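Shared between the two complexes below is chain A, which has chain B as its partner in the first and chain C in the second.
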Partner chain A sequence: MALVMVGCSDELPPPPPQPIAFSHSVHIENEIECTRCHEGVETQAQAGLPAMAACASCHRRQAADHPEVVKFMEQYANGNGEPMVWRKVHVIPTSAMVHFKHSPHVRAGVDCATCHGDVGSMTVAQQVVDVANMGWCLDCHREQDASIDCMTCHH
Partner chain B sequence: MRRRDFVKATSVAAGATLLEGCGSPEEQFIVQRVRQTPELPGESGWRFSVCRQCAAGCGIVVRVVDGDAKKIEGNQAHPVNKGGVCALGHSLLQELYNPDRILQAQRSSGNRGSGAFEAVAWDDAIAQVVSAIGAVPADRIAIVASDRSGLTGALWRRFAAALGAPAPAFLEAPELEVERRAAQLALGTTDLPYFDIANADCVLSIGAPILDPGRSQVHFTRAFADMRRARPTRRGRFIQAEARMSLTAANADVWLPVRPGTEGVLARAIAGHILASGSVPADAARRYRVLFPGDAPSTADAATQCDVPEERIVAVAEELRTAERGLVIGGGSAAAHSNGLANVAAALGLNVLLGNLGRVGGVFAPASLGLTRTVEPSNPADSPIAELAARLRGESGEPVELLIVADADPVHALPAGWGIREAIGRVQTVIVLSSFRDDTALQANLILPLATELERFEAYESPTSAGVAALGLAEAVVEPMGDGQHPADILLAVARALPESVASRFTWASYEALVRARVGEDLARMPGSAGATASAYLSAAIDRGGIFGDAAAMSAPSGPTGAAPELPGALSEGGPEYAFGLLPFASVKNGDGRGANRPWLQEHPDPLSTVMWGSWVELSPADAAELGIHDGDRVRVESQTGSVETHAVIDPAVRPGVVSMPLGHGYADNGRYAQGRGANVMALVGAGRVDGTTASAWAATRVRITRVGEGTMVRFGRRYEGGEPELIPVGWAPQQTSQLVQIRGARV
Partner chain C sequence: MTRWGMAIDTDRCTGCGACAVACHAENNIQTVGEVEAARGRAMHWMRIERYYEGVFPDVKVRFQPVLCQQCGHAPCEPVCPVYATYRTPEGLNAMVYARCIGTRYCANNCPYTTRYFNWFAPEFDAPLERQLNPSVSVRPAGVMEKCTFCVQRIQDAQEVAAQEEREVRDGEIKTACSQSCPAQAITFGDLDDPESLVALLARTERTTHLLEDLSTEPSVIYLRGGR
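This part shows the complex of A and B:
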């Protein structure tokens, strides 16, 4: 089947550059659950990001003098309403015609780390599995006795 | 966040990192919004809006993802379309994202008509309008607008009255003036009545193109389907009497291809047959004779005049007479001959005989919320568009030194025989409110861009097709792409900058403020407003997409108000050397031309001819054989007024002696997808008018056709044999033109 990434390397890419050096591990250490920020992960297709206003509500007090927090607050306060644009770490290309949804995977008990690796221990989030490799998806679907019908995942 | 901002932001945020080979940039990024929104990034939200792509004003819902409009569907609560949406409505996204949309005010920087424009700051543009108005005597100002029935139209009337200028003219399908006048005579309604097609058993349509675009196609299509299918034990019958095999005729159970201009004779003969049967109540017969005091022609006479077998006329008359709920509608090309008023009055008058006034499956009076009251002058009278044309030509009235055209393209839409294109070039100052360089905007000194309905607060009360009052209400669903505004907001901005005598009559801060104020003032008259505050009522209305009336309030029309004109023979422009009657029509492809600059619609095959990306002329096999014309050939179509070249489509369903061409092609510019494609059929149409009205008799032109040579026409499902295909870049947004969609056509 030709629904694979075209023109990309087979090797996993390095962590993409991000506007802020956000550390997942620091937030996990401070007992902030994944779903606190990625609130759509159990109910919607997209895991989502919190609004900048939500980040700012904590960081007005927490780590307010950290250089990266200062950078973030500067963008939030003086960015003329411009949103923060992050690079995705895991990208399923549009050309794959996949309608991936987080919620059924989480509801089925698939741990976040299965696809994303142990993000909680990462200072910089990076890809640990090739999520654009359909064979990898199918292996798991077969193991879990999930549907392997094409239309389950593809448009 | 707009895509252009996104690309800009990502280049800053991520540096010049590589994206090649991995698809579009969007899939590489995730946008973290500044404030909490109802949806997560990447999630869909659906927002109500109002489609303004034709006069119907359907309610729509727009799928918005990360602030961008992605898909349009119909609002199921809106009584006009009940969840449906047509091709033109779907393609509204391609107006929003059109790469040739005008996003900034522009002023002419060369000879007018040359297409040379330069950007001008919005405030400077408004100041230029104010200056232009102050520089000419008020009676030498002319205004052309498009929204005749709504609050925007009322504002233009108020604006003209405040200036002391002649009343505005409204550009609409010309036959609507005839249909309104006929309805006034035959049914006593002040506007177009509501035909309850869905509940009728047998519908005779005399020329009315209800399933074709232009007049609430979605509403009528649903009503038509309900008539056919909604009642398990009863399947409604539909009969179309029209010279052309339109989309409506193609869907009918019976098609009567009457000789053009004899539709009224058919209707009168049917009336005579029904009257002679003795089944008509005396009161109905008496009321009918108010409309037509004279004797009706016999079915035999009608058969000769209409060129339809007598037995078919009798069969239709019997079917109507015996139907429990027989209904007759009229209009379209039947209204566009010199005798159009008589034709339509004869058609509508049949409803009086059939006892249809105010009956389920019959005819109802128009319904309105009446919001224009107190906004427009106490005695509003519009300038007929023909009168404006005469002023522009310098033939009558005060000459025009300043022409303001709002969301209309009279140069393209009006008959060439009216001489608008030449006359407008002599007007000192032309100001156009338009999103594209259409044929009128090309002649402008100044273009003020418009926001699409998705980018602005919108309030539009649909004409009467739904039977109940329906005011679509919506806030902007996406951020504006440029400086464009609602035409009413531009009007208010100009008015506020004019001297106090004018400005004091336009105290509303915005169009939204005007709508809110009017609904608040008339709250007690609004449907379902009992106990609600104006603010809560409006919020609830916006949450469901509008204010919709109650079917229980439908009322019967009063009946005939006077005698209809006699039925003269239709007059045609062109001597015997012009062998064919010309019937222009609106195709679902381009509509009246609004769809011409959208690749989805250019690629959309016309449902009957299957032509894509260009215009065509339909003629019968017999006529084609006589002229030596083959399917797809290039032909020249000539009238006394003009000449165009296009492709021939030979169709066995075309009545011999009649040819048809679609509207909305042949633009000088109007964007890359429209420019130079096809020919404008209105370039052929002469100056004739419908007797008793000021409307163009656009179906009264005769033409001749000659073969030019072999042609290369693009048609759905057929092999293209025109050599190298043309590659047309179709981008989703102005910055994205890298995706090539290959079409198989050449410019024609």
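This part shows the complex of A and C:
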């Protein structure tokens, strides 16, 4: 419980404005796994975002008349291959010089929601845990007997 | 237990400097320009020292690549007031940039002068700013930095090995300097693994350490002479 208390502060930043009103919950309701779009999460440092072509491959047919999907398809068609500029929701300040890797956390069985909150039920992705709080990381690392060597993350 | 170490064969080294260049590229090391370099503010985690033996015209030049010796008994560590540099469980002399407050005591206490202070905010001449290594922090002005034995490469190899459910193989990890050395003078590996190549080289009679009588117990071994 203490862990949640430390992580959840009232001063978490509001969700940043996104170019498209993307809803995680709708995608989860349609039984699309997190890893379908965030492909790197099991093997790479960064979970990654899908290419616009990947979104378009479904949305040519799926919900093609939804206003946000229409907006997306227009950008995709007229964007000259420029990627969508999604804004980061979970930001660790560069001054911390932390190199977070997703893959070891997923391998250790850490649920996505532990850090990202229950994104699956969010219409707008929002920070629930203060991921920039090192004490919060360390509490879990100590509990799980993971490395608490500074250079594991700061290098 | 793992204890990372490096063997440098000075008989093989031709002094080409590829290691120093590769190190700059891998580790996002800034260049300070000619004027500041002349003031002793140049930053090279890996540098080549030259020694001349004999009298002209019978001169022989010897080269010695010098980097952080990752000492087992490091003089830089106890003088840091904020514990920004310490010995890791894997035998690395860690440098935590986010902790460093820039007292520069560590650099003053390093007998090998392999620690470098960021006097300036990092600047990279175009187009070098486009090739920064995302796995390595760009250090801001006011902090100390030094060779990390390419800890990002060590961690990447360990992560791949963990995903494949096996141990890290000897030779799997190559530091940027060892990878780029055309004479293959630099060998990196686990000194505590008796089967590793670096441990094998450490057992030969050609082994020397830099400033051995200081008892700093370096993890970098220099090989010289012998057959």
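Some observations on this one:
Note that the second predicted complex is superposed on the first by the 145 of 155 C-alpha atoms of A that agree within 3 Å, B and C clash if a C-alpha of one lies under 4 Å from a C-alpha of the other, contacts with A are read in each partner's own complex, and residues count from 1 in each chain.
Note that in this section contacts are C-beta pairs under 8 Å (C-beta built on N, C-alpha and C of every residue); 3 or more make two chains touch, one makes a residue touch a chain.
Here the structure is a predicted model, which is why all the values come from computation and not from measurement.
In the superposed pair of complexes, A:Gly48 makes contact with chain B only, with no contact to chain C. Of the two partners chain B and chain C, it is B that touches the larger number of chain A residues. By the touch criterion defined above, A:Glu82 reaches chain B but does not reach chain C. Once chain A of one complex is fitted onto chain A of the other, the partner contacts of A:Ser95 extend to both chain B and chain C. In the superposition on chain A, A:Arg107 makes contact with chain C only, while chain B stays out of contact range. Touch criterion not met for A:Ala64: it reaches neither chain B nor chain C. When the two structures are aligned on the shared chain, A:Ile32 is found in touch with neither chain B nor chain C. Of the two partner chains, chain C is the only one that A:Cys150 touches; chain B does not reach it. Chain A uses residues 45, 94-95 to touch chain B in one structure and chain C in the other. Note for the complex: chain A touches chain C at residues 43, 45, 94-99, 101, 103-104, 107, 149-152, 154-155. Against chain A, in their complex, chain C makes its touches with residues 86, 88-89, 92, 94-99, 135-137, 139-140, 148, 151-152, 155, 159, 162-163. Only residues 1, 5-6, 9-10, 13-15, 17, 20-24, 27-37, 40-43 of chain B touch chain A when the two sit together in their complex.
Listing the residues of chain A that touch chain B in their complex gives 5-8, 16-19, 39-40, 44-54, 76, 79, 81-88, 91-95.
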